[in-house]
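Each chain gets a letter, A, B and C, in the order it is written, and its residues are counted from 1.
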Amino acid sequence: MSLQARQISKAYGVQRVLDKLTLTVDAGEVVCLLGPNGAGKTTLIRTLSGLQKPDSGELYWAAQGESFDAPLLRRSIGLILHQPFLYEHLTAFENLRFYSLLYESGQSEAELRVLLGRVGLGNARPIPVRGYSRGMKQRLTIARALLCDPQVLLFDEPYTGLDQQGCGMLNQLVLEENSRGKLILLTTHELSFIRQIATRFDILHRGKIADSIPNAGISLDSLQEHYNSVVSAGAKRQKEQA
Amino acid sequence: MSSKNKLLALLSVLAFLLVLFAFIRMLFFTPVEQTMGLVQKVFYFHMSAAWVGMLAFLAAAVFGLLYLSRKDLKWDTLTAASVEVGLLFTVICIISGMIWARPIWNTWWTWDPRLTTVTIMAFTYIAFILLRRGVDNPTRRARFSAVYAVIGFISVPLTFFSARLLRTIHPVVFGGGEADMNLNAQMLTTLFISLGAFTVLYAALLLHRARLMAQQEELNQKLAADDGSYDWGE
Amino acid sequence: MRAWLHSVRVLVWKDLLQEWRSRDILTSMLAFAVLSLFIFNYALELSPLNRAEIAPGIVWVVMVFAGTLGLNRSFTAEQDQGCFEGLIMAVPDLSAIYFAKLLTNLLMMVFLAVLVIPIYSVLYNQSLFNWAFFGVLALGAWGYSAAGTLIASMTVQTRMRDLLLPVLLFPLLLPVNMAVVKSCGVLLGSVAGQDINSWLNLLLVYDVIVTMLSIMVFEYVIKE
């Protein structure tokens, strides 16, 4: 099973954010998308999730043998974006139950509580989410994303707001899901944490995947160096063209 | 000049000539109406402006639907241009109506169904323009404009029927009665010429405004792209 | 269809639970309505004679203005916490989101009517306790909520937000305003009773048309 983006382009007016981008993520991979701010990482994740349609190009999900049509496959995608998708006046449990009912994923109360436990909210007080810290909200957001046991995980900056323990928890979760054969794509700036779990690093620059580095025990410094050189090479090329 | 611009220039000249022709005919070659006198001549342009106001609104709704199905921003530009031009004509209609009403019924305003409907239409137009100003993202702006144009247009007949129902229950209190005009064949011809001229004028103004809007939008985007710091709020 | 109704039910339950916990919307609507009724008394200097004629107008105007508070807030959670996108991912037919919001807003308006009627009756010493009167207000609230929900879902995504809602909504509401006020006038006996059927028909037509239209276009409002 694999997820493919073929020749995806997206422009906001004259600004071309994604430029005939091609990307493949296979089952069992944990792909980390790197890139400078404004490079289009969020746009790519949103396009892959079906929230946004690209101007041209196709999304292809090999398991179904047909084109990716988000409404049909809604339970198969676990999405995390910058905003938490949480209802402030409901408790953590109620938020999960709401989404579970909406997705018709048929989970029991006990199963939802187990999920809360997985993200470290098992013993959290049953107060409305309004009273949660940023880190706790992020944990709940992760739980929400994992609700339907989705095949595809698309996480945009999932480490945001998490403390050391939280980041460790997330890594643990990703490894667990990875071992169950899920497709995982994340974006982040936290190179130290992501290095522990990623199978591959793709660098998004100027609307394309400028480089793809497998994670064969690469050191943090050389990864940083590699990233810097790709980004500045691209910038230089841009200057020459202009 | 490109061929498109040449055609537009031609259309503009044609519109000008037709309106001039209608104006001259109305002033000098149309008999004066019996009951109302000279001021009745405002009617030809007043009615034509009303007609264009309605037409522009219908066109805006149609262009809006076309945008929603085709997702091409040029339809959105036409929607916005049509609303602006329509607003212009609607205001002309209201003011000319007031000029006409004053000497005849001794009042500036009547709660006549047509006037009520046309004024509500003007408010809807203005709301539309304010809506557009409140959205920076071009595709979101286009979607919202299309939706509002459609729902706004649907509300027009409903408003008209409500106002008319009100009128049948409450007979004329303020003196804005049904226009009792005797129109002979000559006057009708003038009216039709006037309607035609205004329609051509609408088309010319629409295309001019659309062209200007498209250029402005292109410029804005180029400036934004250069800057690089513009957040489209996706 | 079953799935659609299920989505609607879950969404409405969530909104009611949110409102119950915070009680933001209902309390502010109620406070606004009661204060407005007070102000109208001084502004209009009503004698017992013309009170009967003006009652429906006052009650409905108060509901229209208080209603905008509810409409504005009904989408705030979705907008500020990004929940629109969470819902788009989870709900198969996006029109269910619209319909659920319509029902929630309608319930708020009805609740408002239930409170305003006795309060008005007490303050103005004129009984408005009349099932038919209440029914017409409910029909009007439906039309109001149908248009209001669609417009609010747009204005909450603009820069001006709350400020823009009345400007966009009120021109569309004229038929509802007229129909409600005139029908209520007939029911209270202050207006001679012809043609209430015409008004009610008009109101019903408006309600149905606007609801159907909004259901069809709603996905364009919340989704790219």
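Assorted remarks:
By our rule, contacts are C-beta pairs under 8 Å (C-beta built on N, C-alpha and C of every residue); 3 or more make two chains touch, one makes a residue touch a chain.
Since we're looking at a predicted model, the values are computed, not measured.
Each of B-C and A-B has its own count of C-beta contacts, and the greater count is at B-C. Centrality annotation: C (chain centre taken as mean Cα position, compared with the mean over all protein Cα atoms). With respect to chain C, maximal separation of chain centres occurs for A (centres as means of Cα atoms). Inter-chain centre distance (chain A to chain C, centres taken as mean C-alpha positions): 40 Å. If you average the Cα atoms of chain B and of chain C, the two centres end up 31 Å apart.
Annotation: 49 Å between the Cα-based centres of chain A and chain B. In chain C, 224 are the positions where the chain touches two or more neighbouring chains simultaneously. In chain B, the residues touching two or more other chains are 234.
The set of chain A residues touching two or more other chains comprises 52. Contact residues of chain C toward chain B in the complex are 147, 150-151, 154-155, 157-160, 164, 167-168, 170-172, 174-175, 178-179, 182, 194-195, 198-199, 202, 205-206, 209-210, 213-214, 217, 220-221, 224. Residues 3, 6-7, 10-11, 14, 17-18, 21-22, 77, 81-83, 85-92, 223-224 of chain C touch chain A in their complex. In the complex of the two chains, the chain A residues touching chain B come out as 12-15, 38, 42-43, 46, 52.
Touching chain A in their complex are the following residues of chain B: 137-138, 218, 221-222, 224-225, 228, 232, 234. Of all the residues in chain A, the ones that touch chain C in their complex are 49-53, 70-71, 74, 77, 79, 81-90, 94, 98-99, 101-104, 128, 144.
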